[in-house]
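You will see subunit A twice below: alongside subunit B first, and alongside subunit C after that.
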Partner chain A sequence: MLSLSVRQISRKLQDGVIVPSDVCTACLYQAEKLKKLNIFVRLTKEVAEHQAKESDVRYTNGNVRSLLDGIPVAVKDNYCTRNIETTCSSRMLESFKPPYNATVVQKLQDAGAVLLGKCNMDEFAMGSGTVDSIHGPTKNIWQSGEKYTLLRNVGERATSVEQVQGCNSTHGSKMVYQELHHLSSHSNKEGSSSPSEEGDWFIAGGSSGGSAVAVASGAVFAALGSDTGGSTRNPAAYCGVVGLKPSYGLLSRHGLIPLVNSMDVPGILTRTVDDAATLLNILAGHDLLDSTTVQDSFIPLDLSQDIDISRIRIGIPKEYNCPGMSDEVMETWSGVADILERAGAEVVQVSMPHTPSSIACYSVLNQCEVASNMARYDGIEFGLRTAENRSTEELYASTRSQGFNETVRGRILAGNYFLLQRNYPHYFLQALKVRRLIAQDFTHAWSSGIDVLLTPTTLTDAPRYSQFISRDNREQCASQDYCTQPANMAGNN
Partner chain B sequence: MILLYSEGKSVFTFALPALLIRAWTCRNFSVNNNDAKHFLSRKVKSYVSPTSTYTTETKFKNKKQSYWKSVVGLEIHAQITSTSKLFSQAGTEFGVPVNANVSFFDAAIPGTLPMLNRRCVEAGVLTALALSCRVNPVSFFDRKHYFYSDLPAGYQITQHRVPLAQEGVLEFHVFTPGSHHKPYSKKSCIKQLQLEQDSGKSLHDEEACRSLVDLNRAGIPLMELVFEPDLEDGEEAAALVKELMLILQRLGTCSCKMEEGALRVDANVSVHHEGEPLGVRTEVKNIGSVRAVGHAIQYEIHRQVKVLEAGGVIINETRAWDADSKQTVPMRDKEEKQDYRYMPEPNLPPLRVLLNDQPAVPNTYRDHINVQCLRRKLPELPSETRAKLTNKYGISPESAAILVNENVLLQHFYDIMEEKKSRDPKLSTNILIMELLTILNKKKLSLEASPFPSHTLGEIVDLLQSEKINLVTARKILQEIISGNSMSPSEVVEKYEWTQITNPSEIEKVCTAVIEQNPKLVEQFCSGKTKVFNSLVGKAAKITENRANMATVVQVLTAKLRKIQNP
Partner chain C sequence: MHRLWKHNIFLEKFWFLQQNARSLNSKIPPTPIVKPIEENKLPPRTKIDQKTIDLLERLSLVDFANKKGIERLEDAIRFADQIRVIDTTGVEPMISVLEDRTLYLHDDIVTDGNCRKEVMSNAALTEESYFVAPQGNIPLIPRDSLLTEDENLDQK
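For the complex of A and B:
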C-alpha cells in the first residue's frame, strides 16, 4: 500500500477499500521503523491521527476535499507550522513554535492532507547533503540495509523512475522526463560492494534530504521541500523520486523560512510525475501574503492530455557537460535524449554560455541575502537567547555564534563583506548583471523554439557520506548545484 | 543667515560658554537688548531675533570683519495617516497598550513577508504632488541594515536607490509674529520623498540590566522628506516646518502631531566662511515642536561658530536637542557612522505607478495607482488659500497667514462671509484674530473648545458694522457669552441696553456734562496741557457706560473745547 502513488491510494480511499486512519497508521509505523535513517526531525503523530480521523468522516459523508484528502504528507522543517516546532535544523530555532501556518502548509491542510511530520534538512537549507543539521545527517534509503518496500514497485516498473525538472516560461508545465536506469547500481560499483559499512552510508542529497527519503521510503506519499539552488531536485535525484522546482512566483513563499528570497521556491517531492502535478495544482496560485507570487490566475495542469512528442523541440545545453560529471550520468543523459528522439522529438544542442558563471554568481547573491535574512536572529523576539547579559551587543554576539553553525556564520560574514558600500558595486551589482545574463540564456533558448531543456540534475549518483564530508560545505554545493542552479537564477524563465 | 563676529572679541565667546548657556536657560532667552556692547549679549540677542543680523550685515561687512554663513538642511519623517502599517495589517492607533499593534511581520517572525499598503503609496503620491515633486513611474524598496533591539528584522525597509518622488519645492513665508522683521518668501528644494517603515521603541532599565521593547511603532508608515541644505537659520527652518504641517494636514496625509512623534524633524547644520566650502555638519535630532526647530538650530549654529572661533573642529556627529537645558548634546547614536549594507528588498516587486491617464489601462496595470487621478483630488493648498484671502477679500498677508494657520479660524471666517456677503472681511478677520483669540486665551480655552459658533461671531460683526455697538461693547458681549449667557448678541445688547449712542444731540449733551463736571481738566487743557484730552474722552465713555460712539465724542468734544479756548 505504501508504494502506491497519490492517485492510486486516493482511488482506494474513495472506493472505501481502506480509510485514512489506516493509511496514517501504516505510514507512522513505517516512519518509526526507519527511524535510524533520521528522516524526520519530528513526527506529528497526534496531529496526523486527528487529521486522519477527520478525513475518515469526510470519506464516510462523501465530502472529500481533494485527491490529497486523507493522504499522509511530510513537510521540510523550514516551513512554519502552527504550534509545531520549526527548527530549520538550527540551534537558533530549536524551540521555535511558529504562530502560523505557511501558505502551502495551509493549502495542504485545506486539501485534507494528513501532516505526518517535519523533515530533516541542512541548517537553514544551506547545504546539498542533509548532513549539516543539529539533528544529525539523514541517510539515503537506497543501500541502507533497510528492507525497502518499494522494491516490489521497482520490479514492476522495470527500474524506471521518473524525474521532473521544471523549467517553464509560465507555469512550470514543461517537464523533463528522464529514465534513470542505474539508480540502484551502487552495489555493482567497484570498491563499494558493502553499502552498510560501519559509520558510512550514501547521502540523501539536500538540503531537502529528509523530504526526499520520506517519499522514497514510503513513509509519506508526497512531501514539501524547498529549492534555492537545487535543494529539491538534488535529493530527489539521489533518492530516486520526482523533484519539482516550480517557477518562481507560482507558489507562495509565505511561511517558508527564507534562504535566498529572490530564488527560493517551495519544492514538490513525489513518486510520480502525475502526483507532482496533483500537488502543484493544489499549491499554486497568487497569495496576498506573498507579493512576489504571479497575479494571473493559475490554470491547473492536465497531464492526461496526449502530448504529441513529435512537435516538441528538446534542447541539450552543451555547457551542462562539465568537468566532474560521471560517465554514468553522461550515458544516462544521452540515453534519455536518444529515447526521446526515437519517440519523434527533435533533439538539438543549444548553448547557454553563462552556465559556468552561475556558481560564483550564486555564491555572492546567496551570501548577501543570507547575511540580510539572518539579521533577525538576534535572540530578542524569538528563538535562541543565550544567558549573556553584559550588553545587547554581547547578547547578539553570543546568541548568534552559538545559534548558527559554521557554514551559516561563514556566509553571513561573506555576505556582509560583499554588501559593504565599497564592495557593493564589485560584488552584488556585478553578480546581478551576471544573473541577468544567465536568465537571458534561458530566454534565448525559449525564443529559439526550444520547448524543453534536458539536463542532468547532479554530476554523479549519491556519494558516500565519508566521501562527501571530505570536502567543505562550499565545495559540496559548488559541484552539487552546477546543473540545477541556473534555473533558480532565471526564476520564472 | 549671516552672523557677524568681531575677531577681537571671539576670545570672550569661548571663555564663557557655561555662562552663556546658563543665561539662556535661566532667562529664557529674553536677554536685555541694551547689553549690546558686549559680544556675548549681541550673540544672544541675535538668537532671540535672528533676522536682526540681516540688517546689520552690510554695516559690519565694511568694517573688515570675519563672518560666518550657516547652512541648514532638514530631513523630516512624517507618519502617514493610515489605519494599518506600511507592510502589515496591524493597527496604528497612538497610545494603545504596549505591543498591542504588532503583527507577526512587525516582530520579524521568520517566514513572514511584507505587503505594501496601498493607502500609504497614495498618501505619498498625493504629498509628492502637493510639493511639486516628480513622481517616479518605478521606485524600489531597499533594506538598510543595522542591529538594534527595536529593529526586529535587523534591517529597515526604505527607499534608497529610487525613491517614490524627487525634486520638489516648498515655498513658505518666513514671518515670526512678535519679531519686527518684514516677512519674506523662501523656497526650499526637496531632494526626495521616500516611503519607509518606522522602528520600535526600546526602554533601557540600567539597574535591572535589561531592555524592554515596544513594537507598536515598528512598521508604522513614514514618508521621509529630504530637503536640500538651502536654509540659512532656525527661523527659516521653523517656518518651513509650519508650512509643511499645514500642507500635510490639508492633504490628510499626516496628523503632524509632533508630541506623538507623528512628525519628526532632524536638522543638518554646518557653518563656513563665505566663499569657502561647506563646513562639517552635525545632525540635530529629538526636536519636539516647531518652536524647538528654531531654537535647536539656532543653538547649534552658535555652538559650531564658537568651537571654530576658538580653533576647534566640528565633528560629524548626531546631537540631541535637550528641551530642558535648551542645548544640543552629543547622542549615543544607534546610527553612528556605520555601513548600512543596503540591499534591494527581494520580497517586494518594483513599485509602479501610472503617470498618465490611459484610456484603456492594460490588465497588468489594473492595480497600479493612477497619479493623474490623485492630482485631480488635490485639495486647495494653504498658499492658494492665502492668495484667495488677500485677493478676494482684501485681507492683509499677515492676517491671511494667521487665518490659514488655524483651521478653526479659517472655517469661522468662511462661515461668517458665507452667511452674509455684505460683511466686511477685514472687520470679520479682526474680530477673529484679535477679539476671539484674546478672550479664549484669557479663559485658557483652545479654539476647538470655543463656545462661539460662527453665526454668533457674524452677528457681532453685523452689530459693529451697523454701528449699533462699538468695539468695547463687542468685547463685553463676548465676555457675557463665554460666561454662560445663552442669548444671542442682539438679545444681550437689548437686555443690557448696550446700544451705541450715535445721536449727535445726545452726544452733545454728554460732552456738555463732561465739560461742566470737570472744570479742572478743561482748565489744564486750555493752558496747553492737551494730554488731558484723553481723560475727558474717558469721562464721556464712563458716563455713557462705554456706549457712546467715541469718534463722535472726540469730534464734538474737540469742537466744544476749541470754543472754550477761543470764545
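For the complex of A and C:
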C-alpha cells in the first residue's frame, strides 16, 4: 500500500477500501521502522492521528476536500508549522515554535492532508547532502541494508514508441519506478558489499534529503522541500523520486524560512509525475502574504490529455556535460533523448554559453543574500540567546557563533566580503549582470522554438558518505549544483 | 616490451571510449566542453589581512573561529573570481526574475495585529511586554589575530 501513488491511494479511500486512520497508522509504523535513516527531525504523531480521524469523518459523510484528503505528507523543517518546532536543523532555531503555518503548509492542511512529520535538512538549507544538520545526517534508503521488493511491469520494459506514448500516467510511472530500482540494484551487483557491514552509507542528497527519503521509503505519499540551487532536484535524483522545482513566483514563500529571497521556491517531492502535478495544483497561486507571487490566475495542470510528441522540440544544451559527470549519467541522458526522438519529438543540440560561469555567479549571489537574510538572528526576538550581556554586539556575536555552523558562518562572512564597498561592483554587481546573461540563455532557447530542455540533474548517482565528506560543504556545492542552479537564477522550473 | 604493452592498453582504452562515445545520441556532447579558466587569466589570488578580518567580523557579527575559516573565505573568493573575467559591458544587473511585473500593493487597511502574545512567544528573555537587550554602542573586545594561529591552537 505504501508504494502507491497519491491518485491510487485516493481511489482506495474514495471507494472505502481503507480509511485515513489506517493509512496514517501504516505510515507512522514505516517511519518508526526506518528510524535509523534519520529521515524525520520530528514525527508529529498526535497531530497526524487527529487529522486522520477528522478525515475519516469527512469520507464517511461524503464531503471529501480534495485528492489529498487523508493522505500522509511530510514537510521540510524550514516550513513554519503552527506550534510545532521548526528548527531548520540549526541550533539557532532548535526550540523555535512558530505561531503560524506557512501558506503552502496551510494549503496542504486545507486540502485535508495529514502531516506526518518535519523532515531533516542541511542547516538553513545550505548544503547538497543533508549531512550538515544538528540532528545528524540522513541516509539514503537505497543500499542502506533495508530490504525492498522490485515492482515488475507486466510485460517487457518499454522501449518502443507506442508503449511510451500510449501509457497512462500510472503505467508510465511504474516503469520509471522500476527502472530506477534497476539502476540501484545494478550498482549493487558491481560487487560492493552491504554498506551496513562497512559502516558506510550513501547520502540522500540535499538540502531536502529528509523529504526525498520520506517519499522514497513510503513513509509518506508526498513531501515539501525547498529549492534554491537544486535542493529539491538533487535529493530527488539521488533517491529516485520525482522532484519538481516550480517557477519562481508560482508558489508562496510565506512561512518558508528564507535562504536566498530571489531564488527560493517551495519544492514538491512525489513518486510519480502525476502526483507532482496534483500537489502543484493544490499549492500554486497568488498569495497576499507573499508579494513575490505572480498575480496571474493559476490554471490547474491536467496531464490526462495525450500529448502529441511530434509537436515538441527538445533542446540538449551542450554546456551541461561538465567534468566529473559519470558514464551512467551520460548514458541515461542519451537514452532519454533516444526515447523522445523515436517517439517523434525533434531533438536538437543548443548552446547556453554562460552555463559554465553560472555556478560561480550563483555562489556570489547566494552568499550576499545569505549575509543579509541571516542578520535577523540576533537572539532578541526569537531563537537561541546566549547568557552574554556585556553589550548588544557581544550578545549578537556570541549567539550567532554558537547558533550557526561553519558553513553558515562562512557564507555570511563571504557575503559580507563581496558586499564591501570596494568589492561591490566587482563581485555583487558583476554577478547580477552575469545573472542576466544566464537568464538570457534561457530566453534565447525558448524564443528559438525549444519547448523543453533536457539535462542531467546531478553529476553521478548518490555518493558514499565517506567520499562526500572528503570535501567541505563549500567545495561540494561548488560542483554538485552545476546542473541545477542555472534554473534558479533564471527563475524557471 | 613494457612500453609496447602499455601502448596496447592505451589503444584498447581509447577504442573502448570511442565505442562508448559513438553509442551516445548524436545531440549529446560526448566530452565536456567546459574548460577551467587558466590561473593567469584571473586576477591575483586574494590574501585576507587582519584589517579585513576585523572588519568582516564586526559587520557579520560572526567570527572566523580559526585559520581554516580564513582559508575557506579565500577559496570562496577565488571561486568567485571566475565571474570577473566575463565581459558584461552594456548588461544591466538583474535583481529579480520578475522584474517585468508590477509588485502587488494592497489598500492601507489594517488586516492583522493584536497578537502580542504570539509575537513574543519565542523570545528567550522578555520583561513585561518588552524584548530585552543589553546596552548598545559598545565595540567588540578585540581577540588575538587568527593569522598567527599555531597548528597546536587548532587542536585545542
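In this section, the second predicted complex is superposed on the first by the 447 of 493 C-alpha atoms of A that agree within 3 Å, B and C clash if a C-alpha of one lies under 4 Å from a C-alpha of the other, contacts with A are read in each partner's own complex, and residues count from 1 in each chain.
Following the convention adopted for this analysis, a contact is a pair of C-beta atoms (placed from the backbone, for glycine too) under 8 Å apart; a residue touches a chain by one contact, two chains touch by 3 or more.
None of these values were measured; they are calculated from a predicted model.
Student: For A:Val73 in the superposed arrangement: first (subunit B), second (subunit C), both or neither?
Tutor: After superposing on A, A:Val73 lies clear of both subunit B and subunit C.
Student: Output check: A:Val215 vs subunit B and subunit C. Expected answer is one of first, second, both, neither. What do you get?
Tutor: neither
Student: Scan A:Ala223 for contacts with subunit B and subunit C and give back first, second, both or neither.
Tutor: neither
Student: Answer with first, second, both or neither: which of subunit B and subunit C does A:Leu43 touch in the superposed model?
Tutor: The answer is neither, since A:Leu43 touches no partner chain.
Student: Who does A:Ala52 touch here: subunit B (first), subunit C (second), both, or neither?
Tutor: neither
Student: Who does A:Met352 touch here: subunit B (first), subunit C (second), both, or neither?
Tutor: neither
Student: Have a look and say if subunit B or subunit C is in touch with more residues of subunit A.
Tutor: C
Student: Once the shared chain is lined up, is A:Cys361 touching subunit B (first), subunit C (second), both, or neither of them?
Tutor: The answer is second: A:Cys361 touches subunit C but not subunit B.
Student: Have a look at where A:Ile316 lands relative to subunit B and subunit C in the superposition and call it first, second, both or neither.
Tutor: A:Ile316 sits against subunit C, while subunit B stays out of touch.
Student: Is A:Glu331 touching anything from subunit B or subunit C once the two structures are fitted on A? First, second, both or neither.
Tutor: It touches subunit C, and subunit B stays clear.
Student: Which residues of subunit A are in contact with subunit B in one complex and with subunit C in the other?
Tutor: 96, 98-100, 262, 288, 291-292, 295, 371, 378, 380-382, 389, 392-393, 396, 416, 420
Student: Residue numbers of subunit B touching subunit A in their complex, please.
Tutor: 104, 107-116, 143, 145, 147, 149, 152-155, 209-211, 213, 339-343, 346-349, 367
Student: Across the complex, what residues on subunit C touch subunit A?
Tutor: Residues of subunit C touching subunit A: 20, 23-25, 27-34, 36, 52, 55-57, 59-65, 69, 72-73, 75-77, 79-84, 86, 88, 91-98, 101, 103-104, 106, 115, 118-119, 121-125, 131-141.
Student: Help me check something: in the complex, which residues belonging to subunit A touch subunit B?
Tutor: 79-80, 86, 88, 93, 96, 98-100, 102, 253-258, 260-262, 288-292, 295, 368-369, 371-372, 374-376, 378, 380-382, 389, 392-393, 396, 416, 419-421, 424, 428
Student: Looking at the complex, which residues from subunit A come into contact with subunit C?
Tutor: By the definition above, subunit A touches subunit C via 96-100, 248-249, 262, 286, 288, 291-295, 316, 318-323, 325, 327, 330-331, 333-335, 337-338, 341, 347-349, 354-357, 360-361, 363-364, 367, 371, 378-385, 388-397, 400-401, 404, 406, 409-410, 412-414, 416-418, 420, 426-427, 429-437, 439, 472, 474-475, 478, 489-491.
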